[in-house]
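Notes follow once the structure below has been shown.
Order of writing sets the chain letters: A, B, C, D, E and F. Residues in each chain are counted from 1.
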Amino acid sequence: MVKPEKLIENGIRLDGRKPDEIRPIKIKVGVLNRADGSCYFEFGGNKVIAAVYGPREVHPRHMQKSNSAVVRYRYNMASFSVEDRKRPGPDRRSIEVSKVSREALEPVIFQEYFPRSAIDIFVEVLQADAGTRTAGINAASIALADAGIPMKSLVSACAVGKVDDTLVLDLNKDEDNYGQADMPIAMTPDGNITLLQMDGHLTREEFKEGLEMAKKGCLMIAEMQRAALLEKYSSLIEGEVNE
Amino acid sequence: MVKPEKLIENGIRLDGRKPDEIRPIKIKVGVLNRADGSCYFEFGGNKVIAAVYGPREVHPRHMQKSNSAVVRYRYNMASFSVEDRKRPGPDRRSIEVSKVSREALEPVIFQEYFPRSAIDIFVEVLQADAGTRTAGINAASIALADAGIPMKSLVSACAVGKVDDTLVLDLNKDEDNYGQADMPIAMTPDGNITLLQMDGHLTREEFKEGLEMAKKGCLMIAEMQRAALLEKYSSLIEGEVNE
Amino acid sequence: MVKPEKLIENGIRLDGRKPDEIRPIKIKVGVLNRADGSCYFEFGGNKVIAAVYGPREVHPRHMQKSNSAVVRYRYNMASFSVEDRKRPGPDRRSIEVSKVSREALEPVIFQEYFPRSAIDIFVEVLQADAGTRTAGINAASIALADAGIPMKSLVSACAVGKVDDTLVLDLNKDEDNYGQADMPIAMTPDGNITLLQMDGHLTREEFKEGLEMAKKGCLMIAEMQRAALLEKYSSLIEGEVNE
Amino acid sequence: MSNEIMSELRKDYIYNLMIKGEREDGRKFDEYREITIDTNVIEKAEGSARVKLGDTHLVVGVKIQTGTPFPDTPDQGVIITNLELIPLASPVFESGPPREDAIELARVVDRGIRESESIDLSKLCITPGEKVWMVFIDVHVLDDGGNIMDAASLGAIAALMTAKLPAQRFGVGEDTPVPMRDVPVAVTAVEIGGTIMLDPSLNEQSIAGTKLTVISNQDGGLSGMQKSGVLPLTTEQINYIVDISIEKAKELREKFLEI
Amino acid sequence: MSNEIMSELRKDYIYNLMIKGEREDGRKFDEYREITIDTNVIEKAEGSARVKLGDTHLVVGVKIQTGTPFPDTPDQGVIITNLELIPLASPVFESGPPREDAIELARVVDRGIRESESIDLSKLCITPGEKVWMVFIDVHVLDDGGNIMDAASLGAIAALMTAKLPAQRFGVGEDTPVPMRDVPVAVTAVEIGGTIMLDPSLNEQSIAGTKLTVISNQDGGLSGMQKSGVLPLTTEQINYIVDISIEKAKELREKFLEI
Amino acid sequence: MSNEIMSELRKDYIYNLMIKGEREDGRKFDEYREITIDTNVIEKAEGSARVKLGDTHLVVGVKIQTGTPFPDTPDQGVIITNLELIPLASPVFESGPPREDAIELARVVDRGIRESESIDLSKLCITPGEKVWMVFIDVHVLDDGGNIMDAASLGAIAALMTAKLPAQRFGVGEDTPVPMRDVPVAVTAVEIGGTIMLDPSLNEQSIAGTKLTVISNQDGGLSGMQKSGVLPLTTEQINYIVDISIEKAKELREKFLEI
C-alpha cells in the first residue's frame, strides 16, 4: 500500500475508528488441551494464541532460582503471519519483544510461591497487523489466569500513536507504517505501568496526553479480559451444576 | 546425464543387470583400529564405512536410559562423495536418514543388556551412487557384530524401484533419477521389516510384488554379510591356531 | 594500496625503520575496573586490550581439571578494527590464533596452583595493522601479571619476516601483504620458544637468522613490558606511602 | 520414576481395552477421531487451513512468492515444507532448531505433496531459468493430541487447494489457483500387541512401538510410505495396513477434500 | 549463597544511603558520573568514539561501506547497530551469540538514532534501488560499570558526528560527513525504594527493579523510550523521569556533543 | 581416575623406552611408520587419495567447481581446505562444528599448499573478476593413529597431483591437470624428555608436550611451520627439527610423491 494522503479525515481514521477507539477484540479462553492454560486473542487483524505451562520443573537445572519461580516468555511469529514470509525461528526483534513482554507480566505473578520451578509462557502470532506484542501480553495474561497461576491482577496492553499530528489509540498496520509515533504500554488495573516503549516523535505534552489515552485503552481491554474469563468459569460452573 | 530414452531394453537394465539383480557387493570387516567394530561396504558405486563404539558411557548424562542402552546413529556424507560438493555437516535429509536407519537396527540389538550406556553407530558415505542408506545399514549391521554387540540377528537392506513401468531391484543413480518409484526396506533374516519408505508411484499390486522382490534382495545380501563375518572370524581363529 | 615497487630503499623500510627495528610501543597496565588484570597495548598501528579473570570457577563443570587450572584464551577482532568491516564473532582464523596464543602463555603459568579453576584471558583487537597476535600475547602476558597470576616469567612476542629478500623485524601491514614470509614467535626471557609459526618462503639459513632476529625483538619488548609493570607498581607503592 | 509407572499403567490400560476390541475413546480400530477443517483462516497467507483431528490442532499456512529455480530444474517451481514442534503445543516439545521428529514429519508431508505430483510444478514456472513460484508450506502445530502426520497432511493439501498464486502482487499477471492435479491423503496406523489401529491418539501413539504412514492418491495408487519407530512389522501387517489405508484415504478425501 | 548475602548487604547499603538522600559515590540523584568522550580513536573506522562514564568504558566504531538498499526503501541508506557484551568487560558476561540484554541495548541505541531521524537516510542513497551507504555502528563494551545504555548512546552519536562517508575509497565522489540533522541523547533513570536516580552505577543498577531510558532531541521532543526490568512504574514516576531526562539530555548535549 | 592412571603408565612406558633409545613400535627416532598412498579412490571426486600412515587412515577428496573470485584477487583461483575430526575416527572425537584442533590442522594443511605456491592460482582463473576454479580439499579422517597432520598433508598433495580441472563438465574447454609447481611435504616432530621423534604415534603424541610441523619444498626451502602444544622448545631443538625435517621431506617426496 502506498502512503495515503490522509490517515484521518474529519476526525475519523481510515478504518472508521475515532481517535480513542480500539479495534474489535475477540477472546477465547482455554483453547488448547495440552497447555495448562491458554487463550486465543484477536485484536483487529492480529490473531495470537498464548499457552502457559507451569509451575513445572526447570531445565537446564542451573536456571532455577532458589527462592522464586523463573518466568520465561517466548514470542514467536508464524512464517505465514506476515505479508512477506518470515524465516522460522527467533530473530533480534522477537528476542526483545519476549524480554519486555515477560517483564510486563512478572510484576503480577506470585513467583515466590514456586521456588525452583518455571512458568513458561508461549505466544504464537498467527497473523500480524500492528500491535502483536500488546495482543500477546493480553492473551498471555488470560492464559496465566486460565492456568491457575496466582496473580495480583491481570495485565492489559494497548498502544497509542501519533498519526497526522493527532494522538490515536491502538494503531493499525497502515497507521504504524505511515504514522509519526508508536507507544505500546502494559498496565495493571490500578494504573501501574509494566511495559513502556516509544518510537518516533512526541512532544513532552503529547507524551503525557498519550500515556493517559493508552491507559484508558488498557482499562477497556481489562474489562473484556475479565468478561472472557468470567464467561469461561461460569460455563464451567454451569457444567458442574448440570452434571 | 540426460534422461535416456529407455532404462530397460529387452529386459536388461542399462548397467547390464536383470530386473531382480543387485549390484556387486564388496565387504571388509574390521577395517578401523580405533572403533570397537567396523565395516567397509561397497554396493555398486556406493562406498561406505561404518564404525561402532560401545557400549560406552553416555554424554550428556541426561540422555541415559535407566533400563536400556541408547542407540545413536550418525549418517554423514563426505563433501566429495557426490557430483556437486556437499557442504559439510548434517542437513535435514541426513537427519531423517539417521533416524530411520537407527530404527532399522534397534529391533535386533539387545539394548536392555546395557542400561545407562550408549551404542554409537557412525556411517560415513565416501562415495554415493543411489542406495547409500541401505549400504549404510548393511555396513552398520556388520560393524555391530564386529564390535561384539549382542544381536538377535543381522539386518539387511535393499531397495526396490519402478523403472519404465517395471519393478527392479536395487536402483542405481540413473534409475533413481529417472525412475518412477523408490522403496528402500530393511529386514531381519526371518522376514521382519525394520525399515520401509516409499516415494513415487506404485499401484497396490506393484507394492506387494515389490516388497517380495526387496525381501529377496535382502536375503541375498544377508548371505554375503554372514560370509564376510565368517571369513573374518575364521581367519582370526586360524591366526590363533597358528600362534 | 597498490604493491609498492620497493619495500626497502637504501636499507630503510617505507615507514622509516631499519630492518631490525620494531614499531613504537605504548603500554598501559590496569586499564579496566572489572577485570582482575588488564593491559592496553599499542604496537605500531595495532591497538589491543587484554583482560584476565581468575583463578575463578569453571563453567561448565566438566571442563575442570582435577590437578590444575584450565587456561582459556579468546582472541577477538572488533568489527571496526579492519579496513573492511569484520562480521562479529569467532571465525576459523581467530580460533587458531586463540589456540596458539594460549599455548604461548601456558608454559609460564603455574597452573598446578589452582586445581579445578579457570584462568580466562580475553584479548580484543580494537585496531589491526599486522601483528595482532603478537600484540595480544604481549598484552595478555602483562595482564596476567597485573592479575597476580603466579608466573615463571613474562612472555614476549614479535614477528620476523622477509621483504625484498631482506629479513626484517616486526612487519607492518604493507610488508605483510607484499612480503615473502612472516614468522611470529613468542619467547620467555631465557630463550624458550613458546609460539612459532611460519608462512611464505625462507631458506634454511634465513630461517635460522630470522629466528635470532625475532628473539632480539622479543627481548626489546620484554624490557618494555617489565618497565610498564614496574611503573604501575611503583606508582601503587608511592600511592600507599602518600596515604 | 513416576513417569515410568504412569507409562506402564497407560500401557496396561490401552492393552486391556484392545484385547476386548476397544479403544480408550470408544472408536473402532479403523475409525478416525472427529475431523474439522477450516480454510482461509489466515488472510495474510496465500492459502491456509486449520485442522482439528481429535485433540490435535494445527494451522497450515501457504506463502507464495517469486524466486529463482534450482539449476537442475530451471522450468519448475519450488515447494518447501516446514514443520515445527513448538513448545506451545506440548509439554515435551522444546525451543530450538527442529529435531528429528519434526524433520521427519515435514519431509514425509513434503514428499506426499511432491511425489504424488499433486502440484504441477511446471505450471509454477514464470520465466524458465529465471523466475518461478516458490511455495512455502508451513505447518504450525498448536496442540499435540497424537497423529500430527495425518493432520498436517490433510491441512497441507486443504491449504494448497484454496491457495492463490499472487501474480498481481508480484506484477506477473492475474491471480490463479495453485495448479493441483491430485489429492494425496496420508493415513497412519500403529501396531499395538498385534492389533492395527488407525489414527492413533496420543496415548496409543506413545505406547505403540511402530507407526506406518501410507499416502495414496485419487486413483488408489501409492505415492509415499514411511515406517517410523523401533519395532518391526511383518509383511502381512504391512499389506493389511496398505489395504485399509487406501480405503480410508478415499473416505477422508471424499468427506473433507472434494470441493 | 554468599552471592545472595552480598547482594542483600549491597541492597541495604544503597537503601540506607538513599534514605539519607545520598548515593554511594556522593552524587546527587540527578547527577551523572564523570564523562569523557574522545573521538577518532580508531583510524581504521570511518568514525569512532571512546566513552568513559564513571567506571563504564566503551568504544564505538562506525564502519561505512556501499551496499544494496532494502527493496521497500530503495532510496534510503541503511543503519545497522550492533552491541556485544563481551566477557572481557565483566565477570558475568559470557562468550557466544548476543543475549537478550545485549540485543535490547543495541536495539534501543539503534532506534534512538533511527527514530529521531538524526541521520538523513535519503542522503545516504548513491543510486536509488542499487547502491546506498550502509552505516554499521558497533558498540564494543570494555568495562561494565553500569548504565551502558547512556554511554553507548553518547558514543554512537559522537562517533557518527565525526564519521565520514568514504566516497573516494569506493569511487563515488568526495568524502563528506555523515548527514546529521539531530543529536538524540539517552538518559536512563532507575527507581529504588521510591526514589528516582539518574545514571545508575553498577550497584544501583543491580538492585533497582526497573530502569527507564528516555531519548530526547534538540527541540526537547521525545524520540524513544524503553522501560526495562521487572518492577512497575507509576504515571507520576514516568512523567517525572521524562521531565528531568529532557533537561539532563540538554545539558549533556551542550557539554559533550555540540561542536 | 583410571584414565589418569592409564595415562601415567603410558607416559612411563614410552619414557623408559626412550631412555633406552627405543620407541614402542621399534622405530628409530627419525623413522616414519609404514606409509601407503592410493590415489583416485573416489571416482566422484576430481582428485582423491587414501593415506595410511601406521594406524592413521584418511581419505582426501578434491572437488573442483567454478565460482566467483575474491574481489581483491580477481585473477586467481580459490583453494579451500576443510578437515573434520569425525567421531567415527576416534572415541575422543565428537559430533558438531569443527573444534580448534581440527581447525588448526586444516589451516596448516591449507597454508602448506597455499604458501608454498604449489598450485599456480593464476592458472585457475577462467575469466578475470568473474569466473575462477574453486578447489575444495576435504580431508576425511577415518582412523586416528597419531600424526594426522603429516598424513593429511601427504594426502592433500597426492590428491591434487592426480586431480583434473573438470573443464568439459563446466563447458569451459578440455580437462587439464591442476597446475602444480611444487610438492610441499609436512614433517612433524615431538619432543619427549629432551628427545626429538618424528611421526609420533598416538601414544607418543598424547604424552608429548609439544609438536613442531615443518613444511618444506622441492628446493629444500621452508614454506610453513607450526608449533602446537603447551611446552616450549629451545632454539637448538627447533633448528635440529628443521634440519631433519627438510631431509625427511625430501625422502618422503621421492618415495611417495614423484610420479
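Simple rule for what comes next: a residue touches a chain if its C-beta (ideal position, glycine included) is under 8 Å from a C-beta of that chain, and two chains touch if they have at least 3 such contacts.
For clarity, every value in this text was computed on a predicted model and none was experimentally measured.
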Distance in touch steps, counted as few as possible, from chain B out to chain E: 3
Return the chains common to the contact lists of chain B and chain F. none
Starting at chain C, what is the smallest number of hops through touching chains needed to reach chain D? 3
Can you spot which of A-E, A-D or C-F is a repeat of the B-F interface, where more than half the contact pairs line up? A-D
Measuring centre to centre with C-alpha atoms, which chain is farthest from chain C? D
Per Cα centroids, the chain farthest from chain E: B
Chain A to chain B, mean C-alpha position gap in Å, rounds to 52
On a C-alpha centroid basis, what's the spacing between chain B and chain D, in Å? 27
Distance in whole angstrom between the CA centres of chain E and chain F is 49
Can you list the residues of chain D that touch 2 or more other chains? none
Can you list the chain A residues in contact with two or more other chains? none
If every chain is a node and every touching pair an edge, decide which shape results: line, ring, star, complete or other. ring
If you start at chain B and step next to chain D, which chains follow, in turn, all the way round the ring? B, D, A, E, C, F
In the complex, go through chain C and note every residue touching chain F. 66, 92-93, 95-96, 98-100, 103, 106-107, 183, 188, 191-204, 207-208, 211-212, 215
So in the complex, which bits of chain F are touching chain B? 42-45, 48, 55, 57, 59, 61-63, 65, 82, 84, 86-91, 95, 97, 136, 138, 140, 142-145
Sites on chain C touched by chain E in the complex: 31-35, 45, 47, 49, 51, 53, 56, 74, 76, 78-85, 88-89, 120, 122-124, 126-129
So in the complex, which bits of chain D are touching chain B? 100, 103-104, 106-107, 111, 115-117, 212, 217, 220-235, 238-239, 242-243, 246
